[in-house]
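Here come two complexes built around chain A, the first alongside chain B, the second alongside chain C.
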Partner chain A sequence: MAKLVLPAGLLVLLLLGGPMLLMLRYSFNEYDPLYIMQQAFTFENYAKAVVDPYYQKILMTTITVALTCTVLTTLLAYGPAYWLARMESRWKSKLTILTMFPLLVGGVVRSAGYLALLSTTGLINATLLGLGIISEPLTLLYTPGAVIFATVGIVLPYMILTLASVIESIPRQVEDAAANLGARPATAFFRVLVPLSLPGVLAGASLVFILCMNAYATPLLLGGPQFQMMAPAVYEQFAKASNWPFGAALAFILLMVTVILTTVGSSVIAKRYKAG
Partner chain B sequence: MRLTRLTYRGVIFLAYLVMLLPVLLLVVTSFFKDTIITFPPSGLSLEWYANAIDREEFLSGFIVSFKVAALATLIGVPLGMAAALALTRSAIRGKQAITTFLLGPIIVPGIVAGTALYLTFLVAQNQLDMDIVGTLPGLVAAHILLTIPWTVRVATAGLQGLDKSVEEAAANLGARPWTVFMRVTLPMMRPAIVAASMFSFIQSFENLELTLLLVGPGMSTLPIAMLNYLEFQIDPTLAAVATIQVVVIAAMMLITDRYVKLSRIV
Partner chain C sequence: MKSLELENVCKKFGEAVAVTDMSMHILTGELVSLLGPSGCGKTTTLRMVAGFVEPSSGSIRINGRDVTKLAPYERNTALVFQSYALFPHMTVAQNVGFGLEMRKVGKAEREEKSIEALKRVRLDHLSDRYPRQLSGGQQQRAALARGLVLNPDIFLLDEPLSNLDAKLRGEVRSEIRGLQQSLELTTLMVTHDQEEALTMSDKLVLMEAGSVRQSGTAQDLYEQPADAFVADFVGRSNVIKGRIEDGKFRTTDGTFMPTLPGAVADAQYYTLRPEKISLSREGDGVEGTLLERLYLGAQTEYTVRVGETSISVVTATPGPDDMRAGLRVGDAVRLAWDVASVRLLNN
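Showing the complex of A and B:
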């Protein structure tokens, strides 16, 4: 029976494990304009990515956007998640499906939706112009704000669903007990519900942070040409610049930074909350 | 107190608005008459749907995406189900580690896994003297990296609740192992199989990041065709294509929900 794991395991090893090792090896090679790369063992590519102000800025933008989106998503998702988790009507399963629906529609379609919402002739500007609140269309598109707004909208369902499933597992009596013992709603919320739902918050926030760090379609479509994030930068190194060793190094930096920030972030928050 | 209630309701409303409005907006604008999306429209029209189907890149993108998703699901779901069955039923050591490994492809960012696969395919192309990048088998191989982990993820949750005693009863009553599997275990697994297939298919169908570098001339997927189009403009033709995709996916979700309660999966 245990052998049934083998086919799937071998395929993942072949299609993911092997390729990742190959790319890791390439990231230590030397760039060569003529032959794309030369066998070498150098840390030059990593050094360039860290020292070059152009790439420093891209990495910083990516981290800032991802952190902002994660915080905003968490704040925005808690209410709906609680609502969904504590709902008892027959609408509950319908609403869960409705929450899941945007996830399955896919990022490209949804980015297009945000384009139609934010462009100069889009819904927001048309409404504001029509109501006479503004006389010139606002520049909403091609701003960092547009990227953050759309990214939050795109990852929000993940956060709501993750949080809702954890909140659902917290017995309602715990909240009642806090209230009966005289805790005010705010106290009950911060001292009982939040600590108990912390695993859900951390799981959701980690997932959302990873997705935001690696966002491709939103920065490309809503950020405009000046706005650069890591995922499009990695793609560009392979598709346009053909600098494989450097592209490979960028990909690993993106992976490493994501992993490190996710683990450090979750353990810091978990510790803080336990100590407090 | 009233203010808190109001904020609570406001946040819920805002969250759903931010999530759902863009999708709704695309569906609505696909019926607008004007070439450039404007509010309010000067009239309504269905011509963009005809236009969308006429555009070679969208039609072929749809066909390629459909083929890739179907094949990757057909290969990935049985393998993923087998792995999930082994992980929930047998006593192998390091279950947690194996599960994490099998879920790896959806933990590693798509753009990173995609570039690694691209480089590997190029090496393999040289060694084998055949094309892999920009071919259907290449895309299917890549998308198996989506269908296996999604199946494992959906199925391990679904299989955990299965009652082993039913199978034992069948065996005690004289059924051979193969009969037990075909007549008892497999039917019990049906909801998990349906759910895993749907999730796998959709994840493959709408994937962008993993696929970006692996497409080629005449062999591009629908999300990539849409992205390329969107880099220049957003117009009702694209909204029509998006609406078709939205309708297909909504239909799949509703059909699946008849077999297995989707709200219990994620």
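Showing the complex of A and C:
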């Protein structure tokens, strides 16, 4: 059976493990304006990223946006996921495909679309101005709200599909049993459906949180110059400042924070709801 | 006093009629079975009583109160699901206590009552287990306890034995019946298994294609079937098509069958239970050819061809000295029966 894992395993080792180890090594190097970096073993890059208020703010913004998006996405996705999972009509498979449809359009293209929607001369402002509802265009673009709105739109299908597959595996009779035993719909939802769909919620939320933490195109295009998130900041260090050691350190901080928050968050939620 | 009444209940799903004009009445402590082939509307009827399906017309009353429009959680019924539907994330005790919790019963009383209910089904020693740690039979007893503990107005059983292996079935059958009788549970059971229905019920309601074909005691249905469908579904029956000619029943292939004088002139079916027929090598009776012999242990089943008609005969397996012991397929045999055990039916 081990043979089955080999090709994919080698690929991951080569294309993911290798570069990551390389990056990890770089993050301990010293920056050199001339040669990009010097071999060294220093924690200076990490120290700088952790102490500098500028990067602290970027990290906090990233976490806040990612958490907000995850919570919003979970709340928004549960209803459609449940509806899709319990659907019996012949439209079910077609609707499942339709849910995946937005994934066919890449994040960059979609963000460009949101640009056209939200800008001062965009669709929303033009409509509202045309109808005389507002006299000055609203500032919709280059706000945290725009980034959150766009990110939720992008990650929603992942959440819906993950949740739907888990809800589908919960026998409907279990819900019927709760109602038969006297549970009102809200009680049945929180006491039976939520605990039983928890694996799906956690898997979906982890996936979405990771995607949001690493969001690149959306914050860059819709957040404006004042709005900074981690992934663009990492890119900036590599591509513009040519400070590879510091960029690598930022990347590893982003990775570690994402891993820690995902595992801690999952286990806390699991503990909170698992007990009947 | 507890009771369940259905009055002219109909259910349509779009154009499809699931249940037509269903009326019945269950009294305190009675166990009534809804019996019928799959798709006959028995499960829909049960789900209407529990409140999961709203009737298209007609009314349902529990203890005299009209519950037709009430949600499942507003009715005091306890449904034991075919799949048991235990909550997998709760222990047996938590499962059993769930309904009491919904009724705002305090923790101490809840635990006391749960244990009491679990004792009734001999499962109190497993109260801390999770459903996946129980065998199928234990899961079912937990599901029973979860319903019992609520002292429901109506106890609803959906195919209670279908998920158990054959050996356990007989045991569970008498256990459920025993509980139902000792606690005087007013019970509606759905089953497609006639043996289950015959042995467990006070009354049976036989359904087919959404409507009631006959209701009554097991004996009523077995001995006085209203029509050929009932005769064949409850127990087994040879149902032979034909018509009355000169006061005698003549099968479609022309064989005259022994008939009591004064037979109903419009009879179309000659029905006869396989066990009412005696089979011999020679002597009096209808002539036939042995087509098949099935050894079932204590009993032997013969299929005999009479004219164009196949007739099933079930007898105690003949001993070694019996003349019938050596019968082979193709042998000529004689069939005889008491004409009084024949039922002529006109539909």
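Details
By definition in this document, the second predicted complex is superposed on the first by the 266 of 276 C-alpha atoms of A that agree within 3 Å, B and C clash if a C-alpha of one lies under 4 Å from a C-alpha of the other, contacts with A are read in each partner's own complex, and residues count from 1 in each chain.
By definition in this document, contacts are C-beta pairs under 8 Å (C-beta built on N, C-alpha and C of every residue); 3 or more make two chains touch, one makes a residue touch a chain.
Values in this document were obtained by computation on a predicted structure and should not be read as measured data.
Residue contacts after overlaying the shared chain place A:203 against neither chain B nor chain C. In the overlay built on the shared chain, the residue A:221 is in contact with chain B alone; chain C does not reach it.
In the superposed model, A:15 lies in contact with chain B only, and not with chain C.
Considering which of chain B and chain C touches more of chain A, the answer is B. When the shared chain is aligned, chain B comes close enough to touch A:247, but chain C does not.
After overlaying the two complexes on the shared chain, residue contacts for A:192 are found with chain C alone; chain B is out of touch. Judged by the touch definition given at the top, the superposed model places A:179 against chain C, while chain B stays out of reach. Once the two complexes are overlaid on the shared chain, A:258 sits against chain B while remaining clear of chain C.
Contact residues on chain C toward chain A in their complex (touch as defined above): 50-52, 71-73, 77-79, 81-83, 85-91, 94, 98-99, 102-103, 146, 150. On the side of chain A, the complex with chain B involves touching residues 1-5, 7-9, 11-12, 15-20, 22-23, 26, 76-80, 83, 92-93, 96-102, 104-117, 119, 121-123, 126-127, 130, 149-150, 152-153, 156-157, 160-161, 165, 185, 210, 213-214, 216-217, 220-221, 231, 234-235, 238-239, 244, 247-248, 251-252, 254-255, 258. Only residues 171, 173-174, 176-184, 187, 191-192, 195-196, 274, 276 of chain A touch chain C when the two sit together in their complex. Interface residues of chain B, counted against chain A in their complex, comprise 1, 4, 8, 11-12, 14-16, 18-26, 29, 36-40, 79-80, 82-83, 85-87, 89-92, 98, 101-102, 104-105, 107-113, 115-120, 123, 141-142, 144-145, 148-149, 152, 202, 205-209, 212-213, 223, 226-227, 230-231, 234, 238-239, 242, 245-246, 249-250, 253, 257, 261-263, 266.
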